[in-house]
Amino acid sequence: MNALGVIGGVLQFVLVVAGSPFLVGVMRQVRARLEGRAGAGIGQPWRDLRKLLRKESITPRGTSEVFRIAPLVLVATTVVVAIVAPFVTTASAVDSVADLFAVVALLALGTVALALAGLDTGTAFGGMGASREMTIIALVEPTLLVSIFALSVRVGSTNLGAIVTSTLQDPARVISPVSLLAAVALVVVIIAETGRLPVDNPSTHLELTMVHEAMILEYAGRDLGLVEWASAMRLTAFLGLLANLFVPWGIATAATPVALLAGVAAFVIKVVLLGVLLSAGEVFLAKLRLFRVPELLAGSFLLSLLAVTASFFLAQPH
Amino acid sequence: MNLVHAGLGAAVAVGVLSALLALITPRRLRLVPVGVGTVLVGAFGVLAGAVAVAGQAYSVEIPALLPLFGVSFAVDALSGLFLVVTGGVAIAVAVYGIGYARHGLDGRGVQAVLPLFVLAMLLVPAAASVGTFLVCWELMALTSLVLVLAEHQQRDTVAVAGRWYAVMTHLGMVAILIGLLVLVAHSADDSFPALRAAATNLSPVVANVVFVLTLVGFTSKAGILPLHAWLPRAHPEAPSHVSALMSAAMVNLGIYGIARVGFDLLGGGPRWWWLLVLVLGALSAVYGILQAAMSSDLKRLLGNSTTENMGLVLVGVGAAGLFASAGDDVLAGVALSAALLHVINHAAFKTLLFLSAGSVLHATGSRDLDALGGLRAGMPVTTWGFGLGALAASALPPGTAFVSEWLLLQALIHGLPASGAATAIVMPVAVAAVALTAGLAVATFVKAFGVGFLARPRSSAAANATESPVSMLAGMGLAAVACVTLALVPSVVLPAVGSASTMTLGTAQPAVSGQVTLQLNGVAGALSPLLLTVALLVVSVVLVGAVRLIAARRARRTARLWDCGAGPLSPRMEYTATSFAEPLQRVFDDVVQPEQDIDVTHHQESSYLVQAVEYRQRVPDRLERRLYEPVLRLITAWGSVARRLATGSVHRYLGYGFYTVCGLLILLVVIR
Amino acid sequence: MTHLLLLAPVVVPALGAVIYALAGWRRATAWVSAASAALVLATAIATSAAVVNDDPHTVLAGLLRVDALSAFMLVVIGAIAFLATAATPDHLRTEIIAGRASSRTAARHCLLVQLFLAAMALAVLAANLGMLWVAVEATTIVTAFLVGQRRTRPAVEAAWKYVVICSAGIALALLGTFLLNYASQHTAPGAGLNWAELAASAHTLDPGVTRIAVVLLIVGFGTKAGLAPLHAWLPDAHSQAPAPVSALMSGVLLSVAFYAILRVKVIADAALGTGFARTLLVVIALASLALSASLLLAQRDYKRMLAYSSIEHMGLLALGAAVGGRLAIAAVLLHILGHGLAKSVLFLGSGHILQITGTSRIDQVRGLAARQPVLAGCFGLGVLALIGLPPFSLFASELGIARAGFTAGLGWAMAAALVLVLVIAAALVTHTSRMVLGAAPDGPGAATASPRMNVIAGAALVVGLLACAAIGVTTGPLHPLLSLAADLLAGTP
Amino acid sequence: MLSLWRKIRRTGRVAEPAPSQPSEELSVAAELGGSVQIRHVDAGSCNGCEVEIGSAFGPVYDAERYGARLVASPRHADALLVTGPVTRNMAEPLRRTYEALPEPKFVVAVGDCARNCGVFAEAYGVTGAVRDVVPVDVEIAGCPPRPEEIVEGLRKLTGR
Amino acid sequence: MSHDLYVQLLDLACGVLLLTAVLVLWRRELAVIIRVFALQGLALAALVAVLAAHEGSIELGAVAVGILVLRAGVLPALLRRALAAAGEERRETRPLVNVASSLLAAAVLTLLGYAVSQPLVALAPSPATQAVAVGMTVVLIGFFVLVTRRRALSQLVGFLLMDNGITAVGFLTTSGVGLVVELGVSLDVLLAVLVLQILTTRMRATFGDTDLDELRELHD
């Protein structure tokens, strides 16, 4: 735990917690503009959150602590990831947690908490959402781990900081087939994990097609606010990871103000750029039928597997 | 004084004594002494194992026992580790059993056999000669068979399960027997040191035969593909605490056998052995968890998950062998440590899960998830226990399996330097398998916990469930404590894992060390489950505070479920385990091949009017269909054809003799 | 003293027979049979002690002789006869009550069993191959009426097959005996058919003649031992004989015939080298195993099932004998005892099952454990003992045979045998579990029998199993006898 | 894909310029702070109002720019958008939906039917106007009301 | 007795032995078969007598008398008694292998018996041992009768043929195996025949027939 890590951790925390609603706002705005609408402005998600936090929470009868704790777990896991992952600085506040597997598992833990909450309500929609979410995560998890594996193999470490640092030192890697394959696979995974089109429609109102939304139908007020906030933060974290694993430049490697500032700026720019790309892309897509989603995920799994195999074979001292 | 000796001796004495006690005491007074006795057997096992792991070697020979052979025991670090695991599981199970057995399992036979089963499992890793090993192995099979059959009068399926178990376990036994005897045939006698010595100049063919045969036997005990068929049958049908013993302790001994024979007795071996092990492990892991994900029988699900976890352990063992054969001791150490740690972790959480499942079964009389639900209200402790176990089993932090799977992945990731073409293909596939397993495990255990314990009751039995008696809860509590400890501070077992793996592989230093943070020695890699958990907790606390601070202080309100404004939701509207698994089942349609059956009953008046539609679906074990059924058909055909050998005609019978004698005489004339 | 000791096993049962002939079957004589068996056991133990401490003894002008092997066989006969005869009174009483027997048949039963015992004791004590043959053939004659005791169609059929097949087979052994006599007369005049002298001079025997003799002897005595190819009398006879007689036949008679093969093998090895008899025995053993495996798979009758299992175990014994060497022979002897105990428990148990259910068909016996826990427990454990699970002694002996086989280079034969044993075990377990396990049936006839067994009959089962388990844990005092006998047969003192 | 892109570029922004902010703002709505999630309940409407609501949230009128958004669950909503006279079958569901809303909550009655049952007044299947069942905060007149009017009504809640 | 005469008498006896065995195969009338069997007993007794005369052994002569009584007297008498009770079934109507094939088989068995006896002859060539082949053949033919004949009585005769053959072999190779054993063997054979005879009677009582191939109640 060094100074850089601690400062970075604080900065990342603030950035992600405060900035993620804005990211969602930007993405919605982009989408609105592309659809010919005016849009509610990038501050709208913050307004929503503020309102939700003021409202009362509702506990449906027959639900348990799981229902009440789930949003908390969801936010907590995301915040921990936001603090330890290398977004602004390569060093981590808690280095022994900044492991790729740990980060992935933490994010999955949040999803699991939400799925359990969905099941806990005992409504058909809750169960349906949980079932679908778990199906997706069961397929996403392997892709995620294998793409990470592809990235880690050549570095010889799964520590996020180490991977980022090594890419910084050897920029040629970014355009290697391994990176490209892994990147594509990761993009698909992130789309699935964050519930974006074409896997899930974040703005759907039709129960039969919902995934994420179905699980949280019973949440209201403060709880809902936390869930929404966590979703935004997860999106930010995933995009940040994607950005820094493949294009780490600009990240702070030293604890000087200039470097940190550059790190913050680079992070914001990269994430916003990715967000804009993502939401722009969504305009062109329709939601896949639920049972076509596995095909997409299987495809991404294949890509990640290819990436790993490539990383092994390319590293062969033939 | 040698504590290993004392521990083992005491375990044997107490075990036999409590068995006798069970036979002579009246039903009413039987349970507590047997329970306490079994706890003591377990505790002495743990003591002996712990001392052995700490470095005190021990061996003894008793020529008077076991005619023709004599028995000899020796405990080293590897044995010690398995002693500790078995003993630990036995303690929790025995405490639990006192309360659990009160409901029809307090028969003389079952109660007498329970401590003996534990004892047999303790003696297997302690055995130091082929004869001793096999006798303990078979005692374990016999005692477990009796226990599996304990409830045969209640359900017909028990007998079926027992048959499968008996036959499969005997199959494994025969394979092990042949394998080990081939080895014995090339050595001075049947003691392990002699075998070790003989293995150094064994011809590769013989070594291969020995390894493959013993592998067949040991994998059948560990529930590894394709010899797993007994496991999802026997584990659900056995009484739950016995399932826990079998699933958490007995299957481990299959792993022990592979490690003992492969690494210790045969001293490593060629690369393809371990590739085979790894591939078997990976296949089992995926197949096991896939079956578990499809299962709506709580205990069958847990049984399938055992196949999965043993598969993961085998991936570790296989990787260790692969690295060792490539000369990379450090990675071999990491992989083996991962495997051993996973053995320990699995033992802890599977005990907890089976005990909780037993508690549910005991309270509701059902293990069908589709008929459960809402148990948290009536059975809060059990719910917590199962939840904890499910968290651990799904390999998510802060659960136990997360740590060992992390370690396993670390070993695989660093496999690059040791790579050849085969490794380069196998490693990614292995990682993919582990990853897929992890993903499916999450879905599986969310299903088990969410459908079984959360939501609303789907049957009156589930609605009226009440919490189990204290002794059962205490047993679950012990397992839960072990789970939490292993999840947060795995470093408590690291020395044991380290010394066992260094001993087994003959390496210099343990591969994993650390107090708070697990640190790999020799390669980069660190993880701190404790810090991770603390971070989560701190953030949660801060969060709660922050939310209190910024959010309006509106009180939480309880409201009726949102039922779209229509009437109340009935339990039949809930998602069941089957419906939960349906999307996954569709995804893996080609692998699991579910069987569907639709019966449409028409009205009598007109065939256009439908009276009822009945839909049935089951997910069969496809491997069983493809592999076992042809064999069974063949054997049945053999049996019916062979009946013509004995038609009852005395002439035919005499003819057998006449032709044989004439044939032999001609042969004698010819070969003169 | 030695005379008395040696003659007692033959004379005591003969006297018992006389008592039954004179006094018939009544309350007082019911236990004579068990008492005489107990006496046989006692003298056997005393003889063993004498043999262990001393050299072999000969009496009656060299007609009877006892060495470690004979003593061991006497112990086997005594122990199993005691079990069987102890269960006999209860069995006969139940039969008489059920109207399937009269006190006349009971008396004849006991008389014949006593003669049977005497004949078997004579067989193992005979110092001479000819005497042995006479005694073995005598067992056939004596037991013929026991097999056909019930005079039903199947019983008569079984008796006929039993006598014809056994007589034909044993006639081959007689031919072999004459040929061996010829060979021995030629090279060592005066040796005759005496075991000790034959064994001593065996290396000088003419191989050409001895080969034929050995083949005929092994096939011939193999008939009586239930080995392929002339095994077919066994399932019929065992399924029709009264339970105690089946127990005796399976537990001892087969072993006594096998004892002859063991003796012949010593001579064959010395005269022809180890290869000849070994090959023959391996082939016969594997054939027997394959046969019993094939016929057990679709077996429908539990007494026949037990009979085929006897064929299996005889096959294993033959395999052990084929292997030779101290370990294998010791294992074979232990196996004889263990199998005898377990099998007699099972046959006695099957007799009770038959009396309770009135059927010997597997598919008509259901939920035995729920109705008769002790009986079902003994039956189930007995079957587990048969498939070679510890702590029963069959585990140690099968392991011994297998290990010796692998060490002796008979690995393939052993592997094949073990696979067949696996199939047999699967079949046995499957059939037995169908009978024993499950809820009690509630059809007609389910409640006819009282749930409690006769104490002594139950005790016989439990004691048999316990004895089998005890010698599986440790042979204790039997150990010196076993090793002496093994030395005797393995040829290396 | 390219054609879609060209279409987007050709079309540009179709949202009409925002009219000036309505004078009155509900005092209670200040708590919402410019964000209103809306759950729409059809209590027996002829679907005329629905069509207009659809337009209001379409690109041209773009009610979303003022912070209003349609949601799937009453738990997520701040306001109910009720259309049509409340039929007998929908009275109880409407009440329950209202109960399902977390505090603070609002009801907007859209169209004449919702306000006073319109042409369906006194019909045998009609319970009454929305306000007879749940408290109404905003009423939007018209049969059906024009999208501008709906947007205006909603802006009273969002305050933007 | 001169050597030539001895050899001729020996061969004559052996010839009758073989011929009677073949005749048993040939004839279907059970009464005739029993008569042939008695003749064989006579031949066997004559054989032993010749050997006794050749060796000048009184003991062996006594044995010959014993054999005469047992095999030409007692055993045929027993068989006749069994036949008398048999009623209708006096013919071996349908043997499992028909008569022509049986005779062919007998020829093959004779060859086999001859071939098998060669080592025995080689060990101690003498007229007696050279005749062993006949004994062997009779054993094999006896076994063949057991395997192929349906009537209980025919099987009984087959068993006795085997026994005659074995006895012949025994005496031709050595002059017996000791009196006790000899007696024991004879007693056993007698008892076995008795038992079988009783069983035949019982069988007829229960089955009403003695076609052995119909005895198939016990099978798997």
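By written order: A, B, C, D and E. Residues from 1 in each chain.
Just so we're on the same page, a residue touches a chain if its C-beta (ideal position, glycine included) is under 8 Å from a C-beta of that chain, and two chains touch if they have at least 3 such contacts.
If you're wondering where the values come from, they're calculated on a predicted model, not measured in any experiment.
Student: Which chains make contact with subunit D and with subunit E at once?
Tutor: B
Student: Which pairing of chains accounts for the highest number of C-beta contacts?
Tutor: A-B
Student: Using CA atoms only, can you tell me which chain is the most central one in this structure?
Tutor: Ranked by how close its C-alpha centre lies to the overall one, first comes B.
Student: Counting only C-alpha atoms to place each centre, which chain is farthest from subunit E?
Tutor: D
Student: In whole angstrom, what separates the CA-based centres of subunit B and subunit E?
Tutor: Inter-chain centre distance comes to 68 Å.
Student: How many angstrom between the C-alpha centroids of subunit C and subunit B?
Tutor: Taking the mean C-alpha position of each chain, the two centres sit 42 Å apart.
Student: Counting only Cα atoms for the centres, state how far subunit C is from subunit D in Å.
Tutor: 96
Student: With centres defined as the mean C-alpha position, give me the subunit C-subunit E separation in Å.
Tutor: 31
Student: Going by the touch rule set out above, which residues of subunit E reach two or more other chains?
Tutor: Within subunit E, the residues that touch at least two other chains are 116, 118-119, 143, 146, 155, 212, 215, 217-218, 220.
Student: Give me the residue numbers in subunit A that touch at least two other chains, ranges are fine.
Tutor: Where subunit A meets two or more other chains at a single residue, that happens at 54-58, 217-218, 221.
Student: By residue number and range, which residues of subunit B touch two or more other chains?
Tutor: 554, 557, 559-560, 562-563, 643, 645-646, 648, 650, 654, 657, 661, 665, 668, 672
Student: Any two chains that touch count here, so list every such pair.
Tutor: A-B, A-D, B-C, B-D, B-E, C-E
Student: In their complex, what parts of subunit D are in touch with subunit A?
Tutor: These residues of subunit D touch subunit A: 1, 4-5, 8, 11-15, 18, 31-35, 37, 59, 62, 64-67, 69-73, 75-76, 78, 100-104.
Student: In the complex of these two chains, what residues of subunit E are touching subunit C?
Tutor: Counting only subunit E, the residues touching subunit C are 116, 118-120, 122-124, 139, 143, 146, 152, 155, 159, 162-163, 165-166, 169-170, 173-174, 177-178, 180-181, 184-185, 187-188, 191-192, 195-196, 199, 202-203, 206-207, 212, 215, 217-218, 220.
Student: Name, in rising order, each residue of subunit B that touches subunit C in their complex.
Tutor: Where subunit B meets subunit C, its residues are 64-69, 109, 130-131, 134-135, 138-139, 141-142, 145, 149, 152-154, 156, 158-159, 162-163, 166-167, 170-171, 174, 177-178, 181-182, 184-185, 190, 635-636, 638-640, 642-643, 645-646, 648, 650, 652-654, 656-657, 659-661, 664-665, 668, 672.
Student: Report the residues of subunit B in contact with subunit D in the complex, numbered from low to high.
Tutor: 554, 557, 559-560, 562-566
Student: Touching subunit D in the complex: which residues of subunit A?
Tutor: Touching subunit D from subunit A are residues 32-41, 44, 47-48, 50-51, 54-58, 204-207, 210, 213, 217-221, 224, 283-284.
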